[in-house]
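Have a look at the structure that comes next, please.
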């Protein structure tokens, strides 16, 4: 690969990681102030802060590579839905399946199940990325790994607590996992930029992490007395820029102030 | 009043009427496809269409008066929340009181109670506006009056049906009216532009319509076996441009596509 | 056997079967399945377009879109009524939809991802639907045929509106043209699949043909659709995403590439990108609306009781 | 009576009362009311700022805002803990909030209407809160005093961040400056009212002074706040919306206009623009979270039972 191609791959790869962090942060931040108990409100906001921090570091690195007028904020606020490379899993509302314009209550079970499924991936992923040949990424990975470990522990605790809690909480958690599990298929189907990033020693072969992810999921769900839901069905393609109907609404809200004042400094 | 002042008053007055129609249309359109029964989905969408139609006529008249690049769409899509002059009642989500970012299910009872309270005003208001000295407004009023009569009949029927239905529906409707009634105070506290419009023979003294509105409300609520809720408390000032936290979210969604493509023709 | 023969003779003579007429049980079942599936499609089909109502970029387009969705709901109503003439209730049919026993058109299991999707649904999805539905205006079952005449008329109007929306966007900015092309790329193949599996693999068709429910084969309709659409795409200035698409002067038709039937069946069988969201939304709407329907029934009962008492 | 005297003597000598110490019932009740009201204010105060988290116009500001709201929740936790040392449970206190028997700071019953409100809340609302709270760091009740020391430190940080946000906006576009001015216009008078009714009309103050819970009068604090804020407003370049605001060289203080106490009391008594939304949101969050709290309790009980069984 020539230098230009490597940079393109690197940018796509960093954006994918950054968009994951930002989009999940945006979803989880909707709980800020309205969580089920104050301690958890704070714990989730703390994780949201970590995710915003990860997104900023990743976007800053993209901005450094791309130069010109690109900043972390142009990347967050002035790209449209098809430019985002996050997993579809992370853009879904915190509720059982519904279309984006059908308003509904948020579900803490869906939020925690998602945090669990995602951080169970990110712990081994950041771990492996510490060996990335792109040193700034390796450094971000080292920092993010610590955070992801805490996120995983927090989410696992809640999955166990809610799965092995009351009948209602058990049913809700099972429904949450049944809903979300098929979206995890996107983890294992590499995009071109991921394959190229692996070849260049920049990225990690995510499919290779599947056994360790699966082991984490199975062990936690067993402890939670939950069935491991099927992960068959439609394979989402968010990292290819093909999203659900939900991302458009998420971005419209997130970007509205920034876009109403193009060029402003905040 | 000189010609310039009269035009300013007229513009504000038309925007107030147009913003009412558009903002309520936007709220009610969220039911499109997800109503409690297909016939009602269509009935509400039909009313939404009427309201969009009213907003368009009113904005077109503003555009004609202001000239230049102003169109019905620049008025709808490129004004910010403080520029909107609608009643706060109409921008509230279809739910019991909650802040804008705390997502929640929609409540058909709140939607119908609001439609009732608003159309009970608009029937006598449009009726009186048929005599407006500004002829284009008188013509819009004549057309809108027919629509408002249908909206009022539809909403009244539902208020009676739900008020005098099951225990649950009765309690829900009472809660809806208790929530919404204080917002109707905004009807009766004239803004400067309304007072000036009345003086110029363009507008109607809304406070003078209060007895007929009150009679409609009392008669319908009595038939519905509902208590007439208190309308005391904070007097909203939406028509002065001072809105609730909800309008910002409503506009962010409504305007997002148009604003992403400034100057585009659709 | 006489009844059977008379029934078939009426159909063969291009007559209409009416609700009070005798009909074979299988004919009735087939029609109930087909009409209710069609009705469900209209209702579920409100969702992908409903997704853009609050974000329509002009008031004129917002009004057109609302009116269109309202028409679709109306089609749902006619069709449920037509199905009811065959001895089922709407409540039963809806129950079948919500429990997953009844299907709806698989095309609505794809997401609408930009504003141009609204136009492309009008132009291509409604266009394909009309192609499928025009023969149904001559369907042997009277109430269905009459519903379809009205529906086809409205659908044609929607198709023209969708095309006109796209024409306007194609005359606009580069970003608008890109949106249209993106939408066409995502919908084209799904629309070709709307005509159903190739004739060689189609199961229900033969009996339906004999009963005058189906009159033209899947492949014929698909070819008609392609032939009609390619020139429209040229006028519009969009590229249909099929490198094999090419006029074949010998056949007098356009040749086109292979449809991904695997993807089609995955979606039909519940594994499309939006199956769960569409059905989940219908279920939620039905559940959230339960108290409203119960109240309406309770109120009607109270009214009747009061009228009864007053009369006594 | 001896206990009383010893208690008052300790306070007069600027000593601290600790949880295990004897204290008059009225002192205990006053403190519970004040500390829990303060805790509720922190929690309800998360909502007006939470309103801008998803729309913060830069990632840096989003992070700062999240961290700030997290701090406020943390203050709520310390304060609930401080109240619990007086023999009530957090659950009881929350019950009082949700049923409307306990109050929270009325300032949070006003809406946050543009992004600059986030900065103005930091600068003015937190600024006023600090002014009110600094004397509480010397409060006679030890746990409250220690909580306030930590809280005041963090609040000062928030105030500087809010001011810096506004400085950045004032150096930006005209639209940004207009947003700041609009926010200042809406919040200024509400912040002056935060110090409570004039000394001439204040009921609780005298006893609280004697008990070392309150140390400086409402009007003194208000004047201090005005005197500190006016120069900051000048540096910022915003106009404080009070034509009577003027330096009075004789008094050595700024004079200022009349607060609309009627509006203040309306809001305190439930008729502000957002009282119902704030409380409704807390109630909904509490209700929506019930299954989570119940599950956590059930799970903990299961764990204990299993540990017990294993030990047996």
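Brief remarks follow.
First chain written, first letter: the chains are A, B, C and D, and each begins at residue 1.
By our rule, a contact is a pair of C-beta atoms (placed from the backbone, for glycine too) under 8 Å apart; a residue touches a chain by one contact, two chains touch by 3 or more.
Going by UniProt, the chains are A, B = 1,2-phenylacetyl-CoA epoxidase, subunit C.
All figures in this text were calculated on a predicted structure; none of them were measured in a lab.
Graph distance from subunit C to subunit D, where chains that touch are one step apart, equals 2. The mean-CA centres of subunit A and subunit D are about 35 angstrom from one another, to the nearest whole unit. Subunit A and subunit B have Cα centroids lying 40 Å from one another. Each of the following residues of subunit B touches two or more other chains: 30, 34, 101-102, 104-106, 248, 252-253, 256.
Shared contact sites, meaning residues of subunit C that touch two or more other chains, fall at 47, 50, 53-55, 281, 284-285. The touch graph of the protein chains shown belongs to none of the named shapes.
Remark: the chains found to touch one another pair up as A-B, A-C, A-D, B-C, B-D.
Partner subunit B is touched in their complex by these residues of subunit C: 43, 46-47, 50, 53-63, 66-67, 69-70, 73-74, 76-77, 80, 115, 165, 168-169, 171-173, 175-176, 281, 284-285, 288-296, 298-299, 302. Subunit C contributes residues 47, 50-51, 53-55, 111-114, 182, 266-267, 270-281, 284-285 to its touches with subunit A in the complex. Partner subunit C is touched in their complex by these residues of subunit A: 81-82, 96-102, 104, 179, 232-234, 236, 242-245, 248, 252. Only residues 22, 26, 29-30, 32-42, 45-46, 48-49, 52-53, 55-56, 59, 72-73, 76-77, 105-106, 108-109, 160-162, 164-166, 168-169, 172, 253-254, 256-258, 261, 263-266 of subunit A touch subunit D when the two sit together in their complex. On the side of subunit A, the complex with subunit B involves touching residues 30, 33-34, 80, 93, 101-106, 248-249, 252-253, 255-256, 259-260.
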